[in-house]
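When the chains are written out, they are named A, B, C and D in that same order, and each has its own residue count from 1.
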Amino acid sequence: MIHLHYFAGLKDAAGKAEESLPWEDGTAADVLQWAKTSYPAFDFSAVQIAVNEEYVPRTEPVKPGDHVAFIPPVSGG
Amino acid sequence: MIHLHYFAGLKDAAGKAEESLPWEDGTAADVLQWAKTSYPAFDFSAVQIAVNEEYVPRTEPVKPGDHVAFIPPVSGG
Amino acid sequence: MGTELKPFHVTDQPLEPVLYMEYVTHPEAGAVTLFAGTVREWTNGKRTMYLKYEAYVPMAEKKLAQIGDEITEKWPGSRVAIVHRIGELAISDIAVVIAVSSPHRKAAYEANEYAIEQIKKVVPIWKKEMWEDGEEWIGDQSYKPGSEQA
Amino acid sequence: MGTELKPFHVTDQPLEPVLYMEYVTHPEAGAVTLFAGTVREWTNGKRTMYLKYEAYVPMAEKKLAQIGDEITEKWPGSRVAIVHRIGELAISDIAVVIAVSSPHRKAAYEANEYAIEQIKKVVPIWKKEMWEDGEEWIGDQSYKPGSEQA
């Protein structure tokens, strides 16, 4: 199981802020692919991925228990 | 009569903050010359002159009733 | 007071800039700069009614603290506090406060501007503009309810 | 309050930065920068006990207002307040507050820094440092009681 976090436009597209996903092994890219398939209305091209609250490259391994957040372009300040 | 204003180190050197001086006609340079003669302990080389609260060149005419201030290098802020 | 001030904080409460100024002020400081980002009514001829900010709070606070660490490393002797408000904000409300102190002023200005630039790049906080005739997440977000297809 | 705030002011009273922030904040502002110059205890290894500021008050206020005019001309849409305290100031007291608002942040930082640079050049205010072992008017002043000759 991994924990997914959605924000801003992606939260609207997913209709939820978080969800859990059965998970054994894979990379950030694999999680991203799952999300793209699940929420086709959202364009993920500019999204960054954070694992356990740190930005990671797409090649980062994702382990059960991890928190994976999709970070659309930020607009704080 | 003109009104002279002294500040900071020049006020210390003159032992007063202001004084009046009989005056008929002349320039800022003339007032400066008078001050140099009167307060030789102070080095006026970096002093600017303000007439009626505006910086003026040495050639500025000074008329009776004017306020003439000697402005040592400022250090506010 | 009573509560201790968190120097890197994301909160849904109104921000009080003076608390952060006081927090960074100390005897070795000669300059304190404070930046307050406020909600502007008009942008490119469009009228904003109010804003809504959302954050990935734990990560945002971690990123704010990292920016603080970068600043004290780049500008030795500086002290920093950065706080961002989330939730609904009205016109002129303060969305972000950055307070930086430093022995000399140049560093205090530079470090403060560095902080806001970094916030706009790396801190997971999002702004939704609420206009008279619609709303939109700001940034380059590609999901717009109005343009959704099936 | 009751009293109206003077945006370009030289005063012997403690400065309250938040009043000046509020003064410059308005619906068209998206950024407010505030600079506070504070009394630093150590400078070049010398310990300051306290400071004394003196001003040619009417001219200083006129010059502060001129700096404000220059800023609103150079950075359209900005609003400015500048206030300087005089008299005796203790360590960490605020000597000067500059508040600038602007639609966008770049101008708010630039205009604020411009103000302090101009203050240090043209506004008739003088600082006397009081050390453990003496005192001195800062600037390039050539009269020093200790070095006076007859």
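Quick note on the criterion: a residue touches a chain if its C-beta (ideal position, glycine included) is under 8 Å from a C-beta of that chain, and two chains touch if they have at least 3 such contacts.
All values reported here derive from a predicted model rather than from experimental measurement.
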Graph separation of chain A and chain C (steps between touching chains): 1
Inter-centroid spacing, chain D versus chain A (mean Cα positions, whole Å): 49
CA centroid of chain B to CA centroid of chain D, Å: 24
Cα-centroid distance, chain A relative to chain B, in whole angstrom: 72
For chain D, residues contacting two or more additional chains: 37, 116
In chain A, residues with contacts to at least two other chains: none
Full enumeration of touching chain pairs: A-C, B-D, C-D
Chain C contact footprint on chain A (complex, rising order): 5, 7-13, 41-43, 45-46, 50, 53-55, 69, 71-77
In the complex with chain A, residue positions of chain C that touch it: 37, 53-56, 58-60, 62, 84, 95-96, 116, 119-128, 137-145, 148-149
Parts of chain D lying in touch with chain C, wherever the complex brings them together: 17-18, 21, 25-43, 91-92, 101, 103, 105, 108-109, 112-113, 116
